[in-house]
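Labels for the chains are A, B, C and D, by order of writing; each one numbers its residues from 1.
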């Protein structure tokens, strides 16, 4: 037992050394706005998570090329988690204090998101979970530090079902129909179910819930069941290899791709490129943006980042769906800081706590979006508040044409009457279990 | 040595037959063992000697026959029961706990007598501690008796063969048995080691009055120390009686003595 | 009825592949007593190598033919697996002779980490494709017998045939060739084999190479079906219940058990799954194997263990 | 020179049977515990507490549990992660369903449930041996992973099937700062390590080792294999379960089954093997190695790269980390199959003789 001494001091020594070293690396002379980036560049998630990380980094470089945030340059330091929860926690603890303090975290992984949520309040660091994490965190008066900006799974689910209803010619025609939900058998996947069930109750269609054990390479049985039960539509809450495998199985069992609808992590190039023409007709709901190769912001990134040999990833992926999600994530992170500077001092470094205020008081108008080069990519305004940490419920559906995506729907607005009720109920029960008191409007 | 008194039958083996699949290891073996005597089982390799002991130990379950121990008759034995009734055993090719020290090996022999429950043991609470100490004392006596004090805390795996044999005996003695089954205790030993081992066996026999059932190859040893001898050959009993009777038995001579030294 | 048949068919198609990977496990275990957890990583590594070379070669050498590219890439990948086998024997196995099974098992996990990292470093961690020109669209047979007909996937059939061919080849190799006999000798008794002058080291290289080949074929097939990517490593986990069900040391066991598990897990997911909320495939095979072991501790075909004292 | 037993004669068996017969060992361990409780808090910063020390201690605790089963009783288990999960989720349910239940009670209750699960999945060990058993235990791993996602009751019907706890505390001490958490976990680890040590050096420990070394002989001297194996499974999964509860409550706070997946099981087995089978102290070595090495590599490599004048990409670092870590493990297994604990005993032996080795 005496060796715990050795073990411990070894631990201390090693880790201390390591921290010292890597902080020594950082250029923390001039005040910089630090945006840590938890990446998934290795392992099973790499194909989908890498473009996100690249887009995130590239946009931050673009911001600096534009002169920073009112003069304050942005800095990104990455830490590889490979989606392992404990590594994610370690990365968070490693990065949160660096370069004058982390502005905001975007963990991308559901598991890491959960593990970090309890730590945010004490560390006074906000977290943006655009399109993942818990949907009820949209209620900012219970979850002050979490921002599912632009959408969460309940919005995704609601919109997909709306779209399906439109195709069927109105909700009424869904009565008696069957919607199969193929989902990642994990909290991430299950998060979609409540909204689908809610809608099923409202409009009287059957739900066929088909869980797929992660990582999702084995789906024969699921698709045999689909072939047997012959659902009218399939909604997919999948990620990475699971999406591709699902579509391949659909091809193999002859389920029409036109009647398959993915949520926003289930409809990107890496999932479909390899299947190519066979996947033609597959749809996925997009958190506003989709593939945006010819948008202004992409042009700027190519010109001011890649042309100057500072591109993070391969030039070819710039403008792809998940790359753009990284870009949008970075844009939101930065805009929050702009907003915070308006209150806490222009051109000043902004603390995590101040940034949180920024994210809670966002007002990104269409004009601002156009100015940033997101015309045609995003639709304003994006307005957040104490009660509303999402900012917008507008989405679009895009469809795979064999080599790329085309928009196949107009802007679709999720029905907040339905969703808000669910969110309040869920966040209330969270508040009860963890005796959190709801912030009053004054407290915001 | 003083003439010891042989008591009445303590272990009575009746018509034991044991088969592995088709192979007949023992067929219709019967013999008895009297209290305080040294009973030898001899026979060429594969005669079924070890199998016989394994039946008595309940390691193997014979298909036919019965074993009577202290008036209680069993179709076949259950290892733990046998141990509780006071039968201990050493093994032909050492079955020691190689990873454990000599003391621990011997202490396992005391485990049947441990009373304190897991919780007490975990807390090392009074009674548990006291128990440990009592048993340790017993074990230390055996260690002295076997003259292996120097190796108390050595893992037995590291001991030379001869000493391991002693530890094996020690572990059996630690159970304070009434009947001691010795499976070739002297196999592969040099003369001195054999003499030591003989001495230990005899001492055990008359100091503790332990009944001893002994499997041995070395005829000279057997003839010297055993009171009565059973001879097995190909799983059959071909002779039973005092050393001299057995020596005179023609079957035995043909089957065994003729072929050995 | 038709649906049942389709399920069974799907199960068999999986089962053949399970059997193939399980075979790799069993060969290594028989010959070197190593429980090789790296099998999954080997599948990925081999598939990556083949996919990437099939992609690079035409660029380097400037030819078009996909077939040619695939063939050469396969050769190169095979060669790589040989190097790998040699390295494993040289750097790991020979230093770990007569260690405990669990130590060896852990060593193979170390190897797994290494080649996972190495493979991604050299070949990248994106999704790559192996194009065997397999027909993807399903065909429907016996429509007269069953409403909607029986759904059969040609690519399944083709790949199943490949896998079976591989299995058959290996069996032949073991029965007929001298090396095969030597390997079986090694499997039966290391010391004896050595004493009659069979070089253990070389035998180990050979079995690891053969296991590498099974990994390559399996990786190629899976890669062609679902793209070559990290997730391939997980598929091989399915071989674990297969080998204990069949018996660690039994080649026929691996094959039979592969088919059994392939079929039963499909049936279970399709017929029992819905009753308990689905997704039971992930544990069904293991529980099945565990239950069977309760009655046959050495698996269906493994050698019986007898305690001797 | 300072590490000498000369003149310390054990005059009673009691004295000889102490947990640390050598005086220096006793002093050192006291000093160490004192250091852990007083010194470390003064030295360590938040990062060390939250990212290194707490996980290190909890995994060391879990490893002690695994070692009881694998190292002492010789039953290989690849399902430890599952028993951590059982501990975590059952502790969670006790914690939220039983009003006013003290934290410690909830944690121990989690351990007890894990113990029951462990006994249930230990039953095959009565017939199945070695690697067959190892793979069979994977059944537990995958089954529980599935169970806790599938059955909403375990996660108190939360929409996504996640569990979270907050406002932890005991006897008016609210455990929220990193230091609190560290001390709380440390307390657990010290107590459990002591209890485990007592068990393995006591009668039951001897029964376990007897079963491990030669089960037939053990049976012949009256040890019941069933009792020995099942107690090993019980004690082991109890400790592992408590560790799982700590991991969920103290380290994560909000978690999903993925936190206890098969990689966790492998990680624990690594800790035990690298640390040393059948050694309590080894668990701490192993945990230190397994927890710190990857992180250290991950932080060192970019810096080393910078020294060499090359900028290593995040992905490259990740891959290199994997390769080096894997190679290190193999190297360790080759160099010292008996684990770091063996190195330790060798050093002690040298220390004894130093400075006069001959």
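Heads up, the rule we're going with is that a residue touches a chain if its C-beta (ideal position, glycine included) is under 8 Å from a C-beta of that chain, and two chains touch if they have at least 3 such contacts.
It should be emphasised that the depicted structure is a prediction, and the values quoted were computed from it without experimental measurement.
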Minus chain A, the contact groups are one piece
By Cα-centroid distance to the whole-protein Cα centroid, the innermost chain is D
Ranking C-D and B-D by C-beta pairs in contact puts on top C-D
CA centroids of chain C and chain D: separation to the nearest Å works out as 33
When centres are defined as mean Cα positions, the distance from chain B to chain D in whole Å is 41
Averaging C-alpha coordinates per chain, one finds the centres of chain A and chain D separated by a number of Å equal to 35
For chain B, residue numbers touching 2 or more other chains are 59, 91, 95
Where chain D touches two or more other chains simultaneously, the residues are 146, 149-150, 216-217, 220, 315, 318-319, 321-322
Multi-chain touching residues of chain A, meaning two or more other chains, are 41-43, 46, 50, 185, 211, 213
So, in the complex, the side of chain D touching chain C is made of residues 70, 76, 124, 127-132, 134-136, 138-139, 141-143, 145-146, 149-150, 215-217, 220, 262, 266, 269-270, 273, 277, 315-316, 318-323, 325-330, 333-334, 337
The answer for chain B against chain D in the complex is residues 57, 59, 79-80, 82-84, 88-89, 91, 95-100, 104, 107-112, 114, 116, 118, 121-124, 128-129, 132-133, 136-137, 140, 171-172, 175
The residues of chain D that touch chain B in their complex are 12-14, 16-17, 195-196, 198-199, 202-204, 206-207, 209-210, 212-214, 216-224, 231, 235, 278
Per the touch rule above, chain C residues touching chain A in the complex are 3, 6-7, 10-11, 13-14, 116, 120, 125-127, 129, 136-138, 151, 153, 155-156, 222, 225-227, 229-232, 234-235, 238, 265-266, 269-270, 273-274, 277-279, 281-282
In their shared complex, chain D is touched by residues of chain A numbered 1-8, 10-12, 14-19, 21-22, 24-25, 39, 41-43, 46, 50, 53, 78-80, 82, 84-87, 89-90, 93-94, 97, 110-111, 114-115, 117-119, 122, 134-136, 185-188, 190-191, 193-194, 211, 213-214, 426, 429-430, 433-436
